[in-house]
Structure formats: structure tokens, C-alpha cells
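Across the two complexes that follow, chain A remains constant while its partner is chain B and subsequently chain C.
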Partner chain A sequence: MLKYNLLQHTWIKTLTTNRWPLLIARAVALGGFVFAILAGIIGTPVGNHNFAIVAVWIAWWAALMLVIVPFLGRSWCAVCPIPMPGEWLQNGAVLGPIQDKNKRKKFRRFPKIFRNIWLQNVAFTLLALFSAVILTRPSVTAWVLLGMILIAAGLSLVYERRAFCRHLCPVGGFIGLYSQLAPVELRVIDTQVCKAHTEKSCYQGSENGFGCPWNIYPGGMISGKSVNTNCGLCMECLRTCDYDNIALNLRAFGADIQPQNKIKLDEAYKAFIMLGSALVYSAVMLGPWGSLKNAAYQVGTLPWFGYAVALLAFTWVLLPVSFYLITQIANRLNPTSQSPRQNFEAYASALLPLGLAAWVAFSFSFVFANISYLWPVLSDPFGWGWNLFQTAGVAWTPIFSSQVPALQVLVLIGGLIWSGNTTQKIAIDRNASRQTWPVMAFIFAVTLLLIWLFVA
Partner chain B sequence: MKKEILARLVVLVLVSGMGLSALVFRIGDNSGIVEVHAAMPEKGGWLTDSIEAQVGEPLVLSLVSDDVVHSFALGQSDFEPVDVLPGVPTEITLTFDEPGPYTFYCTRWCGADHWRMRGTITVTGDEPFSKDLPDPPLYLQLGIDIDDPHENHDLVLDEQPSALRGSVLGLTTPSEFLTQAYYRSHSPHQVWDELRKVPSTSELSESQIWDVVAWVWAQNTNSTKLAEGEALYQRDCAACHGVDGDGEGIFGAEEISGDGTPHEAGFDGHTIEAPTSFQDAGQMLTASPALLQGKIIRGGMGTGMPSWGLIYTEEQTWNLVDYLWTFQFQKSQE
Partner chain C sequence: MPSRSLYFRDLRILAAGAQSVSGILLAALVMAFAPFPEPFVEPTERTIGVMASSFEFSPAEISVNPGDLVTIELTSADVVHGLYIDGYDMQISADPGQTQTLTFTADKSGTFRLRCSVTCGDLHPFMIGKLHVGSNTLLWRGFGLATLSVFTLLVWMPATFRKRNQDTPDVEI
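And then the complex of A and B:
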């Protein structure tokens, strides 16, 4: 498959291996993060006039779902401010290693039972249950952000590397999974070099840098065999590799979604949680059902408990169980030696394109409607009557309102075709092409439901 | 190590720079503008609800709502109410000529307890507040106990009295019936009783005498007064008493359960009572304008009816009283 190593360009290589550009980007991101927390706590409680809500849930979310994840994969994780304080405390440095690697403090490994993304699935679901409040109340957003940064720092002081990002971050879980679709990857150039290199400095660290903060062995990141899920694109391995054996490749979209790259059960569940929550969010935030919206907002009341139970049942039980039954039917149609769980996991990866398309389409609806809140908020981030950039008076103006439904349908159809194509590849790979149809029917039904929610 | 120290400094500046700058800017702001936040009363109402000002010195207020749209109005003044928008500060400047307490209040129906959204601007000057009591309002001069039951539920009219019909009966109404003092101190029912005793009405039916009463009431007001009374009613009263005066305003209904039982209001053991229906003849035709004036000025004392004495001028109160009778009497043609 065609790849293009961006590190051939000296300026890109300098930009990625030199520690200063990334450090400044991280510090700016952390500064913005702290500013958002401050605005959330002491600024106006009116969400659409508070920097915390507009910058985080409109501007950042738009950038993340419409640009970063689809095109740049996990690159947000490289500058994400949440793990930064903890990582700096863990390393005893903010720039690069200042101690010999053998003298660096040793930290515990994360408990084996949690070395997966189940905790991330739970964390995302918890946020989803309270999302109507988190997305609209600046103070709640601020405390959630502060809580995340404190938890990440606490974990960094006990467990090695980025335990929070790998196993607990509610956002990292889906960014990682959907980054399989992105057209960028970090991979080794020559696997033989890595095999012969006994120091494994990319994992163990060296005087040039820290061992992979993401706790993966970069030497094992092989094009066509490995996936992006756990690589945070922090570029640390570029600095520690003694043989300049790492490439930053441009590649085809979705290059990781190959039949041989199966996803695990926790990741399969993440796919259902994301797809299910996109459906539920669309119904709550875009649908005409006032009582559903009220239930989602009235946290702690009986209607909210009903909403919570419905969301949990839909995302954790109904969707996965339906899909499990579909894969069982597919296996009846065209039997293979695969176990039911293997069938379930294999075909679940086909839901990734549709899941990302659903989130892109959902994001269109509120990002274009609300992005104009950004200009007043930049001038008056706390809602205190400032007018720093003379944009405080810019009126709320939805953009592309008439084009959004068409865009959403186009994106969803794109996701449908991509997921269908992936399904077909998986079925053909196991010599069971007739298995395609039940899975395709499921994907088609979910797409129709999404289109109905967005457009009807 | 030098690079690390430099990096730490860069991080410190970039991370804390924006937040610290904002805080310093905020703390150092000594423009003298008083920030007033508005929230639904259940969430705090006006914050702050007590402001001090000096006679003749401009008081600049920055008004901002923390939830829904509110409005800032100043009682007993000609200040035009301004909307208080969520998250968008609005600056207003007030200058007071006289010392004294001024009540500010919300005129937007922001929630069931909207009427509790009030605050006070205490204006002081070289001269102390006047300790002379103003003339007592008419209901006090007349010694009316506004809590005494006055209604007569047996009073039911076949048709709504009409000032127009009353005017064409050709009756020569004795002049004492037409004075403002008489009108304000008597209920329509009392006037009806008095008219019944006048020999010239002996030929009139009961409903015709009610038409004459309506005509008497019409003589004591005019379209300008009624228009102002209507504007006040629709802004301040209709939320509970209903746009049509039927006692079924949106907030009144919220406080009263389907079977008419008032809900516990949750403060001082008082209960909310169902708002009066101004369409109820038994209630209205047995009340004098002075009695209604008293109820408006003092309020219901725990029933849910707020006090408007500090907000309306005397003229506004009478205009509102005049308007309330339009729910009983057909308006005469001008």
C-alpha cells in the first residue's frame, strides 16, 4: 500500500523531533485549559457566553471530530493538556530527560485487569449520562476538566507512563479507535533493525528521551500489521531511536481496518457505545421530543434515571446484543470455524467508519449552528462585558443551516459505503461472503435511523 | 539543565499567563460600575439586591442575567425598563434627584416566583430622608380592612353590564354619584343599591341599573388611563391573574393543583392562594376601588400576591384599578 514518509522533509523532521515546538504547543494548550477551568468557575454561568463551554464543547469538539480525528488521528493526544502536569511530575522534567535513565524513578505497572479500555468505556458512558448538564453548565465543565487533570496527575505519580490516557481517559478511547481510519501513522521503517537493537531505547528510554509514554513498543509498529489505536503521536520514539528507523507516514484512509487487524471485545464495545450514544444524543439534542430532552437535563430526578437506564440499556445491551445475534445469523448462513465471540469482534470493526460518520454528522448539526458564539466569547471569555477584540457584539448567526442536512446525509452514506465495504472484505477474508448480508442489513438500518434523526 | 529551567519558565508563563492576566485585569478594574446579576428567584434573584447611590451622582449598573431573559425596571420613576440578557452585560446609568429607597424589579415573567425578584437602591444625599409620612392612601383614610371578606357569591348577573346601554337610558343620574370621591369609596353593588333607591330608577330593571353603574364607572376614567392600566396589568398581573382576568395565569396555575388546592409555597408556613378572578362578579362588584387600591399597594401578605406600593405611583395604581373593572363592565364607546 502506498505510503509517504513525511520525515523526508527536514523541516517536518526538525519540527517533530525538536522538543520546543511540541512543548510550546502543550503549554499553550494547558494555558487554554486552565483558562477554560477558570472561566467555568468564575465566569458567567450562561453557557453560550462562557469560554469554557464555547471553546471546549463547540470549538475544540468541532476541531476534534471534523478535522483532527478523521485526518490527523490521535495527534490531539500529543498536545492534550490533561496528562501534562502528571507526566512532567513523573519525568521530573518538562523538556527532556535530565537524569540518566537508570536513575529515573520507577513506577508501578497499571493493574493487569484494567490494561484495556473497559474503564474508558465506563468513563465515557458516565460522561454521556451527565452530558446534557456538562455541555451546558460552565461550572460543571470546569470541575470535570479539573477532575480529569487531577486524576491523570494522581495516576502518573503511582503508575508508569500515561496510564490515564491508555486506560481511563473517556475521550482517548474513541480517538484511539477512530484513529485507525486516519491517513497518518508512525511505523518502523526496517523491522530487522529493531530486532537487532538490544537496547530497545524506544521503549526503555535513553539519554535522548523517555521510553514510549504510551507504553507500546514502537519497534513493533509495523505497517499493515499494527494499528494506530494506542499510539499517541507524541514523537518521543523519533528522539530515542538510535537508528532513525521510525517513519511518519501519510497513507490511505482506514489503512488499519483490515481483516487481519481484529479489534478486541473492549474495543468492539467502544464501537457500540459510540454508535449508540451518537443515536441517543441526536434524539435528545436534535429531536422534537421535549420530555426526552427534559429528562436528560434533570439530573437526579426520576425521568433522568429513566433516561440513564435507557441510554445504558441501548448502548451496552440492545445494540451489542442485536449485533451479536446478527453475526450469529451470518454464521448460520455461511458457517465458519470462528467462535461467536470472534465473529462479533471481527465484524464490529466494520462499524468504525459508520460510527465516525455518525459523530461527524452529529457534530455538523450543532457546530455550524453554534460556532458564531466563538467570536463574542473570544472578546469576552468570562461574560464580564469585556470587548478585547471588538467582537463582543457579533450576533449569533447559524451558518450552512440549509446545507447541513445534505452534508449529514452525504457523510452518513459515505460511512455506510465504507462500513459495507469493510464488512465485505472481512467476509471474503474468511471465505464466507454470504455473511456480508445480515451485517450489511444491520449497518443499513442504523444508517437509516441516523438519517431519520438528522433530517426527518 | 539551563534548557530545562528555561522550559519551565516558558511553561509557567504560557500556562498561567492568560488566567493571571484576566484575574489581574478583573481585580484592578476600579471603574466604579456596579455589577448586578439577575437569576430566577429560586436561584437567587438579583445579586446584589441592595445598592447604594448618592443624590446627583450617576450610578452605573452593569446588568447581566445568569439564566433567562429578565428585565430591570425602577419603581415610581419614568425609567424605561431594559432587558437583562443572559451572559451579555448591559450598562445603564441612573441619576437620582431625591434621597430615599427606590425599588428595582423584574418585569419579565422569568419563573413562578418572578414577582419576588426585587431589590433596593438606597439613595442618600446632603439632606436626610424626609421623615414626614406621606398622606395615607385612600383605603387607609376610609379605614377599610382589606382582609375582611367582602365577596357575595350569590351575586350573579344575567349579562355583563354595559356603560353604553347605561348611557342611552336617558336617566339623569344625581351628581353625587359621579364624583371621584364617591366612585372610589363605593363598590358597584353599593352604588346599585343606592341607585335602586332613587325614584327615577323605579322603572328600570335590575340589569338596567347595572348598566347605569357601568356608566358611572366609565365616567371616572378615560381611554388614556385605561391604556396605561392595561399595560401595567398585562406586564405585572396577567402572569397570575390571567391575560383575560380569569385568575388562570400561567404562574397562578403552576401554584395551584388541579383540584384548586394551593401548594405549599415553602416559605414561613404561608400558602399560595388561587389568584382572584376579575371576571367573578361576586368578588369584583362587592369591592370598592379603594379596596382594590389597598390590595395592590399592600399585597396579599403571604397569599402570593406581591406588594406594589413601592413600585407604582398613585396615578398608576388608580389607572390599574380602573382597568380591572373592564373585566366586569363592557367598555363604553368613546
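And then the complex of A and C:
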């Protein structure tokens, strides 16, 4: 498959291996993050006049879902400020590693039972249950962000490397999953070099850098393997590799979604949680049903419990179970030696493009309608009547309101075709092309439902 | 150097492929842009009362015919609410207990979101209703394109590859 190593360009190599550019980017992100927490706590409680809500849930979300995840994969994780304080405490340093090996502290490994993304699935679901409140109340957003920083820091003091990012971050789970579709990757150039290199400085760390903070062995980042899920693109392995044996490649979209790269059950479940949440959010937040919105918002009331049970049942039970049955039907149509679980996991990876398309389409509607709140908030971040940049009076004006529905349909059709094509590849790989039909029927039905929710 | 027969086989495959792909593309373009048949209904004047309260419009969905002269009477039941029509880019706002009117000609067909345009509470960004003007052609075009995509993936592509394999036996180089 065609790839292009960006590190051929000296300036890109310098930019990625030098610690300062990344540190500056992370410091800016941390500054914005702390400011958002501050604004959420001391600023106006009116969400769309508070920096915390507008910067995080409109501006950051737009950048994340419309640009970063589809095109740059896990790049956000490279600059995310949430693990920074914890990493500094863990490393005992801000910039580079402590040179004296004896002074480096040892930390415990994350419990084996949780070395997957099940906790991330639970964390995302929890956020989803309370999302109507988190997305609209600045103080709740602030406490959630602060809580994430504190939990990340606490885990860093006990467990090695970025345990929070790998196994607990509610956002990192889906970024990782969908980054398999992105056209960027870090991969080993020559695997033989890694096999012969006994020090494994990329994993163990050296005087040049830390061992992989994401707890993966960079020597195993082989082209064609699904590595993007767990690689945070922090570029640390570029610094520690003694042989310049790591490439930062531009590649085809979705290169990780190959029949041989089966996703695990926890990741398959994440695909359903994301697809199901996109459907539920589209109905609740973008639909005309006021009672649904109020049910999602009035936490602790009977309607909210109804909403919570419906969300949990839909994302954790109904969608995965119906898909499991679909894969069973597929196997009846064209039997293979694969177990039911293997079938389920294999075909679940075909849902990733449609899931990402659903979130992009959802974000189009939400972001373009509300992005104009950004200008007043930049001038008056706390809602205190300031006018720092003379933009406080900019009126709310939705943009591209005529074009958004057509864009949403196009994106969903793109997701349908990509998911359908992936399904075919998986079926052909196992010499069972008739298995395509039921899975495609499922993808088709979900697409129609999404189109109906967005433009009907 | 490839043999002459292989060269012609490749050309034939390319030509057949281009012909088939252009057929599918043409079908997609027709589905996306062809005029949609819509029954003509004599335009009329309509006055529609809309009550805005606690993050919802009532009625939540309004249906009119293309060309209708529509007057929306917006009444707010609790706090100040607004009403903005996507696509038409028009808005009004109403104080609690007051009614404001917005008159416009429904000269664009389709389904448009109604949004509250005045910050009215936490769920304000999600206070949404719908205005249907005539048929929702985008919805049907979307369904049509989705169906065409599935047909292409499930029926056309496998059939084309099968036919190609039968028509063009392997040639030794």
C-alpha cells in the first residue's frame, strides 16, 4: 500500500523530535484547559455565554470530530493537557527524562483485568447518561474536566505510563478506535532492526526519551497491523529509537481496517456504544421532541431514569445483540469455521466508518448552528460584560444552515459505502461472500435511520 | 514487455469498467439532482400559532405547501424565546406571555429546523422544531442514494467482476 514518510523532510523531523514544539502546544492546551475550568466555576452559569461550554463543547468538539480524528487520528492525544500534571509527577521532570537511571521511580503495571478499553466504554457511557447536563452547565463541565485531571494524576502516581489515557479516558477510547481510519501512522521501517536491538530503548526508555508512554512496544508497530488504536502519536519513539527506524507515514484512509486486523470484543462494543450514542444524541438533541430533551436533562427524576435505561439498553444490549444475531444469520448463509464471537468481532470493525460518519454528521448540525457563540465568548469569557476584542456584540447566526442537511446526507452515504466495502473485504477474505448480505442490511438500516433523524 | 493481447485485454477491461462506473455515477447524479415530481397545490395564506416553552415548540413540526404565505404567531409561555428558521434565515422573539408574528413566503421546499434564537436556559441550543415545505426531497434523495450504494456494492460490483472474469480469460505474458 502506498505510504509516504513525512520524516524525509528535515523540518518535520525536527518539529516532531524536538521536545519544545510539543511542550509549547501542550502548554497552550493546558492553559486553555485551566481557563475553561476557571470560567466554568466562576463564570456565568449561562452555557452559551461561558468559555467553558463554548470552547470545549463547540470549538474543541468541532476541531476534534471534523478535522483531527478523521484526518490526524490520535494527534489530539499528543497535545491533550489532561495527563500532563500526572506525567510530570511520574517522570519527576517537565521536559526530558532524568538522566540518572537510578533516580527514576518504578511504578506498578495497570491491573491485567483492566488492560483493555472496557473501563473507557463505561466512562463514555456515564458521560453520555449525564451529557445533557455536562454539555450545557459550565460548572458541571468544569468539575468533570478537573476530575479527569485529578484522576489522571492519581493514576500516574500509582501505575506506570499513561494508564488513564490507555484504559480510562472516555474520549481516548473512541478517538483511538476511529483513528484506525485516519491517514497517518507511526510504523517501524525495518522489523529486523528491532529484533536485533536488545536494549529496546523505545519501550524501556533511554537518556534520549521515555519508554513508550502508551505502553506499546514500538518495535511491533508493523505496517498493515492495527496499531493506531493505542498509539498516541506522542513521537517519543522517534526520540528513543537508536536507528531512526520509525516512520511517520501518510497512508490511505482506513488502512488499519483490514480483514486480518480483527478488533477485540471491548473495541467491538465501543463501536456499538458510539454508533448507538450518535443515534440517541441525534434524536434527543437534534430532534423536535421536547419531552426527550427534558428527560435527558432532569437528572434523578423518573423520566431521566427512563432515558438512562433506554440509552443503556439501546447501546449496550439492543444494537450489539441484534448485530450478533445478524452475524449468526450471515454464518448460516455461508458457514465458515469462525466462532460466533469471531464473526461478531470481525464484522463489528465494518461499523467504524459509518460510526465516524454519524458523529461527523451530528457535529455538522450542532457545531455550525452554534459556532457563532465563540466570538462573544472570546471577548467575554466569564459572561461578566467584558468586551476584550470588540466581539462581545456579535449576534448568534447559524452558518451553512441551508447546506448542512445535504452535507450530512453525503457524509452518511460515504460512511455507508466505506462500511459496506469493508464488510465485503471481510467476507471475501473468509471466502464467504454471501455473509455480506445480512451485515450490509444492518448497515443500510442504520444509515436510513440516521438520514431520517438528520433531515426528516 | 507485455504481449499485445494482454494490452488489448487491459484496454477492454478499462473501457468496460469506465462504462459501468459512469452508469452508476449517472444514476447517482440523477438521484441527487433530477427535479422531484411534486403535486401542485394552490398557494394559500396560513396563520400558525406556535407556543414556545421549556426547550420545545408546540406544535414541534409545521407543514405548509410551497408558495404559501405563512404567518407564524410565536407566543412564549415562560421566558423570552426566539424562533429562527434554518434556510430562510429569518427570526423573531417573544417575551413571556406576548405574541410576535413573522410572515414569509414559503418559497424554498424541504425540511428546515426551527431554532430558539434567544438564550432561554441550559438546553437552549437544543430547542428545535421543524418546518416542512412540500415534499422533503432531500430525505428521498438520501434514501435513494443509500439504496443505490448498497445495490452497487452487493449486486453490480460482484456481477461486473464475475462477467469480466468470464469475458476475459487469463492471457499468458
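Simple rule for what comes next: the second predicted complex is superposed on the first by the 451 of 456 C-alpha atoms of A that agree within 3 Å, B and C clash if a C-alpha of one lies under 4 Å from a C-alpha of the other, contacts with A are read in each partner's own complex, and residues count from 1 in each chain.
Note that a contact is a pair of C-beta atoms (placed from the backbone, for glycine too) under 8 Å apart; a residue touches a chain by one contact, two chains touch by 3 or more.
Quick caveat, the model's predicted, so the values are computed rather than measured.
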Worksheet item: So which one touches more of the residues on chain A, chain B or chain C?
Response: C
Worksheet item: If you stack the two complexes on chain A, which partner ends up touching A:A93: first (chain B), second (chain C), both, or neither?
Response: first
Worksheet item: Is A:V188 touching the first partner chain B, the second partner chain C, both, or neither of them?
Response: neither
Item to complete: Scan A:W452 for contacts with chain B and chain C and give back first, second, both or neither.
Response: second
Practice prompt. Considering only touches as defined above, state whether A:G31 meets chain B (first), chain C (second), both or neither.
Written response: first
Discussion item. After the superposition on A, what does A:N50 contact: first (chain B), second (chain C), both or neither?
Written reply: first
Discussion item. Once chain A of both complexes is superposed, is A:P288 in touch with chain B (first), chain C (second), both, or neither?
Written reply: second
Worksheet item: Given the touch rule stated above, what does A:P381 touch, chain B (first), chain C (second), both, or neither?
Response: first
Worksheet item: Counting only touches as set out at the top, which of chain B and chain C does A:W437 meet: first, second, both, neither?
Response: second
Fill in: Residues on chain A lying within both footprints (that of chain B and that of chain C)
46, 48-49
Discussion item. Touching residues of chain C toward chain A in the complex: what are they?
Written reply: 54-58, 60-61, 84, 86-87, 89, 110-113, 115, 117, 119, 122-130, 136, 138-139, 141-143, 145-147, 149-150, 152-154, 157-158
Worksheet item: Where on chain A is chain B touching in the complex?
Response: 19-20, 23-24, 27-28, 30-32, 34-35, 38, 44-46, 48-50, 88, 93-96, 98, 376, 381-385
Practice prompt. Would you pull the chain A residues touching chain C in the complex into a rising list?
Written response: 46-49, 132-133, 136-137, 284-291, 293-294, 297, 365-366, 369-370, 396, 398, 401-402, 404-406, 409, 412-413, 416-417, 420-421, 424, 433, 436-437, 440, 444, 447-448, 451-452, 455-456
Item to complete: Flag every residue of chain B that touches chain A in the complex, lowest number first.
Response: 1, 3-4, 7-8, 10-11, 14-19, 22-23, 26, 35, 62, 64-67, 86-89, 91
